[in-house]
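These are the structures, in structure tokens.
Across the two complexes that follow, chain A remains constant while its partner is chain B and subsequently chain C.
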Partner chain A sequence: MLRRIKGEALTGWLFVIPYLAYTIVFFVLPFVWGLLLIFSEWNLISPVREFVGLGNLIEALQSRRVHAAAVTPFKIMAIFLPAVLIMSLGIAVLINSFKKRQGLLAVAFFLPYLASGVSMSLVVKGVVSYTSPVNKVISNIIGYVPDWLGTPSLAILVIALMIAWRFSGYYALIFLSGLQSIPSELYEAAQIDGAGRIKSFFKITLPQLYPALYSVMILAVGLMFGVFTEPYMLTGGGPNLATHTWYLEIYYQAFSTLRAGYASSIALYNAVAVFIVVGIVRRIMQAWGRAHGWED
Partner chain B sequence: MGQGKLTWRRFVRVMDKYGVMVLRWVLAAVGVLLATAPYLYMILQSLAPWREVNRRLLPTSLTTRSYEWLLQGSATAVARPWLRGFGNSILVTSLSTLCMLLVALLSGYALARLRFRGREGIYKFILFQMFYPAIILLVPQFLIVRFLGLYNTYAGMIIPRAVNIWAIFMYVSFFKSIEPAMLEAARIDGASEMQVLFRIVLPLSRSITAVIGLFLFMERWVELMWDLIVVQEYPMMTLNVMIATMSGPYASYPGPLYAASVILTVPIIIIFLIFSRHFTQGFKFILK
Partner chain C sequence: MLAKKWSLTLTLVCVLVLAVSVAAGAKSAIFWTAPNPSQEVFWHEMAERFMEENPEYQIQVLPMAEAPSSEATILTAIAGGTAPAASENIFIGFGAELWESDALVPLDTLPGWDELIAARNMEEAIKSWAFPDGHYYILPIYSNPILYGWRIDILEELGVDSIPETYEEIMEVAKLAQEEDLFLMVRPALVKPNWWERWFDFFTLYYAISGDVPFITGNEITADEEAVLEVFQFYYDLAKEKYILTQEIPDAFPTGMAIWSELGPWVFPGWQEQYPEMVHGETFKLTMPPIPENRKGEATGNTFADAKGLVLYAQASKEAQEAVWEFIRWVFSKPEHDLLWMETTSLPPVRDDLAENPVFADYLAQAPALVPYAESLASAVPPFTHSQFADIQTALGEEGLIPVVRLQKTPEQAWEDAKAAINQILNR
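Coming up: the complex of A and B.
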């Protein structure tokens, strides 16, 4: 017996060795190095690494580019959140209303999640281009062709809707499994009380979906701070930094201007921003959940 | 009753019975069309004559010129190694996904099912890693890859993406839900832990493995930033990165870029459809 327990411990360690090796090289080491980089100025090439103390962190706070990158998540969110919530809730309710073929529909609505941001950006670039069939229809109605990617608000709209399209089916599946765990007695009781479809959606479905809504909100808000591919492909952060994002700025500082330390400082601010905003969203959601009888 | 006149009440009753059903099907059809529209657009434009690309929704005729041009280039533009890019994508994504699955399987099993000192500590560290913002690690990870001489190599794309913390976490919680008696029986029969894992545990976790593998594969397949940073030369690029870097110089040839996008998108959709059998079942576990 003792031998077996010893053998088990040995096997256990053997099984986690690949994970441990990876973690030391690609997590612990970069973790320490990343913290050191924040306080140094280094161009990734020269042997000289200058200690600058809080210099990078202070510079980032004053940078117009970082300010723009810090604001963009909220601008995208203002469109993305309502759009993706309506779309994914709609899809979930729709799939749930079918008695058969739910799996097939779920698979179909999940397809956007497979899309490469790169190729979708090409499609969007084509669709909003000056001569596109879509713009032809629009210019017939409003009399001119809008400059989709050259106008700040429209560029944000395009990027927000692209991300919403991609994630709607994914979030819908989270909502769907939430919908299916709502006991049907609740609806029967509401029906007896004379509540219609719409009323029972807001009085029963939505509050009962709290766990699903909670996860979707946190995922969706967190997502806003890591946007990269769409603005990289479509606008390069423009016009005039209107679609500039955290990841674009970090990428640009680290690999174009080669300022490793400065880029790491911005990454730190990005992490802090995510932490604070997701924390606030978590609080709000929990308060809403408590108001509807859920415990934390 | 019978075939009475169409009264308002009658209309409401009929609508209640069939209207909702019709509405449901119409909404589903419109929804699926919207979900797939960009894919359809991509396919149609890749087969359209060049003068019609991005100018007509439905091309007047179909041609494979964009695909041919992609492979051969022209007098003015050199053909890039697109096929090799496709091969690179397959190589990098499948090796990376296999490693992530294997490591997650082994360590997930150890952390859920084997007793050894330090197990709790490792599990707590995994939770910490899962919530630690990866972006702070980006620059130093790149520096380490370069220091190890992996810059501009396949290994530079595969090894830093050979372990996935989320996958380990998923396996741990799944393996904890397996009935211990089944494993114990096999052990008494003299099976080694490796045999228990691959002969008993793995077949039990088919759905979840399919879904975890699917997510890992999908995300690796369309990875942009890391592959963009680590690789510099065309012959080493994944297809996704190649399209991204090409949209500059090739921008005046949108047709071939759509063709490349189709080539990039088709395999992932096929793989997804093959595994979609497991999808609904396995996905529910992942959401828990």
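Coming up: the complex of A and C.
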């Protein structure tokens, strides 16, 4: 019996070891190394590695670039979250309403997610360029061409909508699987009780989508703290740091100013911010779920 | 019989491996090229020719990784102990960072340095590449002086018969262009904080007035402050009159939406494909950067040079350093190699005699737009040498130039704020 358990344990370990090794090499060691770097002023190659104690952490707290990076996710989120929820839910409902070729439609909406952020940024750059057809129409109506990427609020709008476009197909797939798991009897009962489509959507569909909505909200909020390619390609973090993000600042400090320790300290703040905000969103979603009959 | 064949094959493989190992151990080195296909082609060709002439050497040419950046690739390679013997694609600012970290070999201490400089005819050009300790750690390969292009066909339509040379003349021409719904200049990067953009919008104009007065010396700002203020004021005036557009218009200059643009020689191969009507002397003309009217006669007429070179890494073994140095000396010993470089990459090699040497005459005759670049090499100033170049130029943009172009600060206020921000960086 003992030998059998040992054998099973061994088999279990054999299955787990590749994942453990991967985690140790690519997550634990870099994480520990990053934590150690925080306390030093070092460019990774200099023979002189200055110990600065909490200096990097304090400097990051006082930096207006870091302040801007801390605020930007919330500005993008304010537009991105409603936009991506409406778009992805709309796509999921649309696909679900088709009896045939649902897979093909889902793939079509999923494609922007597969496209590279760089190529999508180039497309958006063309769309908002001064002489683009879109801007010609707008200038005919309002009399001038909006400076999409040069006005802080418009630049945030462009970036938020661009990310929403990219991720709506992906989130729609999660919603679609949720929609398909809702028993049709619920709608039939509601119909007998006289509920219309809108009422059914808010009273049945949305609460029943709680698991999918929960996943999407966590993914979407977490995503906001890792935005990089879109502002890097379109605005460089400007105007006036209005679109400056955590990852832009970490990249800038690590690869432009070559301050590995300082970049690590910003990365730590970034991780803490994600942890706190995702924790808050989790609690809000759980409370909403409980209010609609779901257990934690 | 089969076993005999196998054992023979195995022996042959072993001998080959041994031979390669011995060769590699003797005089082998790895050379990293820029992640640019045309530069890769050139260095592969050079390595092949060199090894044909010198079979005792093994030079392996590899492109450096582009992501996240070539600088980060080099840093991580050095940190990981896998740096090559030498690499190109190093500009002087990043070179300063490597130099401060004792990662580079002083090239002027290597045998044959003086002969190499003489053979390549770059005694003048090399002077601005000296590091603060007086040594040379970078051998400049190419230099792209930044010049300004004027759409002479449009100027003619506007009734302008001479190309503007001063800020005041430009303001007049810009007004005429605006009346025709054209912009003087379209440059979205003017309001982007990316540090490297300041090379092309600030330092080109700054050097034209100040000459090679260093912007930073050691840990002090030594800039010609009057020149800085004049450049800021020029941009302020252009922005105030709405003569410049900071929104995107694809290819604004070749399509004629803008009549003035800073240009590097890298644009011409693309124009040949896409805008064959853009012919130097017919539709556009290249000039040195403009200066204020009151500086006429006293300004030095310099411009900024987007220049890069090669370095040897201290981490490499002595044998590898010696092997790669032999290779480098061989490459730059013949002007024909520089001609091949220019033909392959369209980038002007750093030579004092580029405009006069008959070796290059035929090529320059076929590519007349490159002639002004060759002629202005001597007046082109490379970036200032400081390890915190990125932070300094970011501060110059965020606190100085960008608020000026956005009319959020006066030139004086912007320079005061930029100075304060730069001093904070220098005192860190």
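One rule holds in what follows: the second predicted complex is superposed on the first by the 268 of 296 C-alpha atoms of A that agree within 3 Å, B and C clash if a C-alpha of one lies under 4 Å from a C-alpha of the other, contacts with A are read in each partner's own complex, and residues count from 1 in each chain.
The rule we apply is simple: contacts are C-beta pairs under 8 Å (C-beta built on N, C-alpha and C of every residue); 3 or more make two chains touch, one makes a residue touch a chain.
Keep in mind that this is a model prediction, so the values were computed, not measured.
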item: Chain A as common anchor, with chain B and chain C clashing or fitting; value: clash
item: Partner, of chain C and chain B, that touches more residues belonging to chain A; value: B
item: Which superposed partner A:A115 touches (first chain B, second chain C, both, neither); value: first
item: Contacts of A:T131 with chain B and chain C, given as first, second, both or neither; value: both
item: Touching partner for A:F255 - first (chain B), second (chain C), both, neither; value: both
item: Touching partner for A:D147 - first (chain B), second (chain C), both, neither; value: second
item: Touched partner set for A:L94, first chain B, second chain C, both or neither; value: first
item: First, second, both or neither for A:L44, with chain B first and chain C second; value: both
item: Contacts of A:P239 with chain B and chain C, given as first, second, both or neither; value: second
item: Partner chain in contact with A:P231 - chain B first, chain C second, else both or neither; value: neither
item: Colliding region between chain C and chain B, picked from 186-194, 222-230, 240-248 or 276-284 after the shared-chain fit; value: 222-230
item: On chain A, the residue positions that both chain B and chain C contact, one per complex; value: 44, 125-126, 129, 131, 251, 254-255
item: Chain A residues touching chain C - in the complex, by the definition given at the top; value: 43-47, 125-126, 128-131, 145, 147-150, 235-241, 251-252, 254-258
item: Chain A-touching residues of chain B, taken from the complex the two chains share; value: 24, 27-28, 31-32, 34-36, 38-39, 41-42, 45, 53-57, 102-103, 106-107, 109-111, 114-119, 122, 125, 129, 132-133, 135-144, 159-160, 162-163, 168, 192-194, 218, 221-222, 224-225, 229, 240, 243-244, 247, 254, 257-258, 260-261, 264-265, 268-269, 272-273, 276, 279-280, 283-284, 287
item: Residue ranges of chain C in contact with chain A within the complex; value: 68-69, 71-72, 75-76, 78-79, 97-98, 100-103, 186, 188, 191-195, 245-250, 257, 387-388, 390-391, 394, 398, 402, 406
item: Chain B partner contacts - residues on chain A that touch it in the complex; value: 5, 8-13, 15-16, 18-20, 22-23, 25-27, 29-31, 33-34, 37, 44, 90-91, 94, 97-98, 102-103, 105-127, 129, 131-133, 165, 168-169, 173-174, 177, 215, 226, 228-229, 232-233, 246-247, 250-251, 254-255, 260, 263-264, 267-268, 270-271, 274-275
